[in-house]
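Order of writing sets the labels: A, B and C. Residues in every chain begin at 1.
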C-alpha cells in the first residue's frame, strides 16, 4: 500500500520543529508500524538524509520504550497495544498518517519523535519501592499469605510499562494513572502498607513538581493504556492520599 | 590450573559457598564509602547488583543505553523464575535443581557455580516477595508454581506472563531507593564504548551520552558488566533491538577471555518469520508447552495442502497428526528442553512437513487442553452431560485465564485466533549461554572487571533450562557479586579516587574517537541494517540450529569479508556530536562482525554436539546429539590477539565430583 | 493544611466537595421552585422563610456564595495549569476516541453556567438585596410567586435560562459522578453512582427548564 505520512521533525531539544510530509510505497499489511518506519528510514539514508529518530527497543510490547502519537492517539488506533504491536493491517492504502511525539511539558522532545520521560523515573525514586535491603535471611516468601484476588489486583496495577501513553492521551497531560498504578500495587500488598502514607505523599509531590496536569477524570488514560490499567487505581491513590494527609 | 584459575573453594559441594563467604576478605562499612563501582547494564543482574552494592555502602554509578533502567530486556522474560522451595512437596531440593541445571546444560557448566545458584535460588523468592513483587498465588494465599521444560517438578514462580517485568521492576525499585539516597548515580541513554585499564586493573570506562553525543570518562575501583547476551548477532532474535555485545566485547579486546561463544539457545516457541521486512521475533512463553501439544501432519501431502491454504489444520484427525515430541520423547513429551524441542522442529520442517507459507513452522495446539479443562470445569460446577460447545467454552475461559495475554499477543501479530486454530511456531535465537569467562567470584580475566547475568558464561553450560535466566541474573546481582567483589576491593581501601586525567584514560578516549571517525568515513551506499541483516543470514544459515565443518568455514570467511566491506563502506548520516541512532547501531554491529567470526571459530573447534551446539557430524543414528566428554569436557575461553581468527584458545577443564556424566536422555 | 491545597489531588478534592455541595443546593433550589408550578402558596411561604430566616440569610447564604466562588476559582486555576501542562499542542488530537466530550469541556459548560449565574443573581438576588436592605421595604410573604412569573415574561430571558440549563446538564453529567472518583470512591457502587448521575443531570435541569417555560407560557393576568 501507499501511505502519506506527516511526521514531526526536530533537530534537538532547543530547535523549533515542524511537520514534514513523506510518501511511502510498498508497505505490506503484515508489517509492524515500526517496521514501516524502518523502511522509510532506509529510504532516507539511501538518499543521504538523516533518518527519523524514534524510541523503540523490545518490539514486543513490554519495555514501554516506543511512544508515538499516531493520528491523534497514543500508540495509534488500536487499543491494548503499544506502537510496536500495531500492524499496518490497521491502515488502508492511501491513508494519511500523522505521527507526533508525546506532548507534555514534563516530557520535553529530545529529537524528532523521542521525548525525555525521566520525570517518571523521578516519581518512582520519590517512593515507588518497599524499603527492604537485600539479605540472605529474609522472611520466608510464604510466611504472609496474601488473598489471591488481592495479589491479582496488585499484579494488574504492577503491569504498567511506564510508556507515558496516559500522559500523552490526557487533555491535561496528567500522570495520575502512572503514579497511581505504583501506589496501588504497594498499597494493596501487606509488605507495602508499612510505608504507604509516606509513599503516596512523596510520589504525588514529585508528580506535581514535574509539571504534569491535574486529573479531571476524563478516562482517556484508561482507554489508551496498552496494559489496561484501571481508573480504580487513581481513586485508590486519592483515597490513600487523603487518609495520609488527615493522619498528618 | 594455568592461566584460568576458577578459584573454586575446596571441600564438600554443599559447604563451598558458605565456606567461601566466611573466608574472603571484606571491606568495612566506613571504607566502602571511599570505593566507587561502575555497573554497566541495569537489567536483573545489573540492577540488583547496583542496588545491593549501594545498600552495602559503595558509591555506584550505573549506565544503560535505554531511557530508563526499567526498560532493560530482562523485562521481556515471560514464563517465570525457578527456585528450589519445594512448596509443592513434589520432591524438589537444592540438589535436584543443581542436578537438573547441570544435566540441562549438557554437562558443560561448572559444578560449584551451579550449586551456589541452586542454593541462593530460594533467597531470591523471599527477597522479591519482600520487595512487593506480585507473584501468582493460589486461593489459599500461598505462592503458586508451574512446570517448565526439562524437569520433573513444579518449581517455577511466575507473575502472569510478565515475570521478568515484575522482577526487574523490583530491582529497579531497589535501585530507585538508592538513587534517592544518593548512593547510586544513574546514567541513562549512555553507552559504554571502552573499558579503561590502569596497571592491568579495570579502573573505569569511556561512555557516550547518546543524547548529546559527548564522550565521557568515568573512573571506579571496579567495573561490573551486566550487559546481557549477544543474540542480536543473528539480526532476527527475541532480543531487544538495542541489545548488543559492545561492553563485553570491548572488555574482551582489553583482555577478558570470551567463553563458549557458540553456545546459543534457540527457543522452540516463537512466532515464525513473516517476511524480509521483519525486524524482530516474538517469543511465545515456554509455559505454553504445559498445555499446548506440538505437531505437524503425518503425511507430506497434507503439509503441502496446509501450506497452500487448501486444508485447515483443524480438519486433520488425530490419526493424521504427528505429535513428534510425544512420539520421540515419551517421558518428557512436549516439555523436553529447548534445544531438543527446537532441533526436532527443524528436523520435521527440513523433512518437508512445515506448515506455513515458507515451510518453517509447526503447530502448537491447545484444542485438547481446552477440552480437558472444560470437562474438569463442567464437573466441578456440577453440570450433567454438557455438550461439546459448552465444554469448549468453559475450557477456553480457563486457557484465557492462564495464557490470555500471550494469546492476545499472538493474535495481534499474526491476525489468527489461537483459541480456534492452532498457533504456528518456529524456533528463534533467544539466549546466549556463552559470554565473558568468570571465576567463582564472577571476576573476568581482567582484575577488577566482573561480569554478571547473561553477560557471563557461567551457569547454563551448553543449554539453559526455562526460568533459569531470571534466577541466575538475580542470584548474581543480589547474592553473589556484592559479596565476592569485596574480596578484590579490600585491597583498594587506601587507593583513593581514581583520576580520569591519566594517560590510560587519554589513550582509551582517543581509541574511541578514532573508531567513531572511522565508522563515519564510510564511502558506500548501504546502511548499518544492510550489513546487520547480511551477518544475521550467515549466522542463522551456517551457525544456527545445526552446524557442520564446511559451512562454519564458509561462515568464517564470509564474515571476515563482510566486516571489511562494512568498515570501508557503511553509510552513516548525521554527526558524531549529536543524537545519532545510526552511529549507535554501527558501533554495535561492528562488534558483532568480530564476535560472529569468533563464534563460528568456536563452533568449528568444538567437534562434538552438546546442548544448543549441534554438529551434524556428531550425532547418534537416531539423530540425537553425540557428546564427547573425553575430548571436549571443557570451557573454551578465547583470548583476544588482534583479529578474531588469531584468537587463542584456553581450556578450563570441567571437573564433575558430584554428578556422574551421562548421556542426556529425555525419552 | 496549606500543603494539602498545594497538591493536585487536594485541589481536585476541593473541586469535588464544592461541586457536591452545589449539587445539594441545586436539589433544594429545585424542590422549592417546582412548588411555584404546583402550588403558589407553598412557594410563597417557603420563599419567605428562605428570605428571612437568619440562619439561612447570614450563615447558609455566605457559605453558598463561598462555595460558588471556590468552585469557579479552583476550576480556572486547574484549567490554566492543565493547559500549560501540555506545552506544545498536538497537530492532531483525537480526544473523541478515548473520552466523552462533556468530560473534556467542563470549562466551557462551566463558563456558560457562570454567565448564567451572573444573570440569575442580577434577576433575583440583586433585586432581593435591594428590596430588603437598600429600599428597606416591608415584609410581604405573598410577593414571590408573582415576581417570579413576571421575570419569565420576556422570551429572551426564558430562552437564555433554558439554554443554560442544557449546559448545566452537561456539566453535571460528568461532574457529579466524577466528584466521587476524585474523593477516592470507585467500587461496586460506582455503576449505581453513574446511573444516578445520568438521571439526576437530566431530570433536574429539565425540571428547571420546565418551570421557566411554564411561567413564560402562563403569564399572570390581572
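As a working rule, contacts are C-beta pairs under 8 Å (C-beta built on N, C-alpha and C of every residue); 3 or more make two chains touch, one makes a residue touch a chain.
Just so we're clear, the structure is a prediction, and the values are computed from it rather than from any experiment.
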Chain whose averaged C-alpha position falls nearest the assembly-wide average:
A
Greatest contact count: chains A-B
Can you compute the centre-to-centre distance for chain B and chain C, using the mean CA position of each chain? Integer Å is fine.
62
For chain A paired with chain C, centre-to-centre distance based on mean C-alpha positions, whole Å
37
Approximate Å spacing (C-alpha centroids) for the pair chain A, chain B:
26
Among the residues of chain A, which ones contact at least 2 other chains?
none
State the interface residues of chain C toward chain A in the complex, per the touch definition above.
3-4, 6-13, 78, 81-82, 84-95, 97-100, 103-104, 106, 174, 178, 181-187
Under the stated contact criterion, what part of chain A meets chain C in this complex?
6, 8, 19, 69, 71-73, 77, 98, 100, 103-106, 108-109, 169, 171-174, 176, 204-205, 207-208, 211-220, 223-224, 231-232, 234-242, 245
Chain A contacts chain B in the complex at 11-12, 28, 30-32, 34-35, 38-39, 42, 44-46, 48-51, 53, 55-65, 78, 80-81, 84-85, 87, 89, 110-111, 114, 116-118, 120-121, 124-142, 144-148, 151-152, 154-155, 158-159, 161-162, 185-186, 189, 191-192
Sites on chain B touched by chain A in the complex
48, 51-52, 55, 66-71, 73, 75-76, 85, 87, 120, 123, 125-143, 159-160, 162, 165-166, 169, 172-174, 176-177, 179-180, 186, 188, 211, 238, 240-242, 274-275, 277-280, 282-283, 408-409, 412-413, 415, 478-479, 482, 525, 527, 529, 571, 573-574, 578-579, 581-582
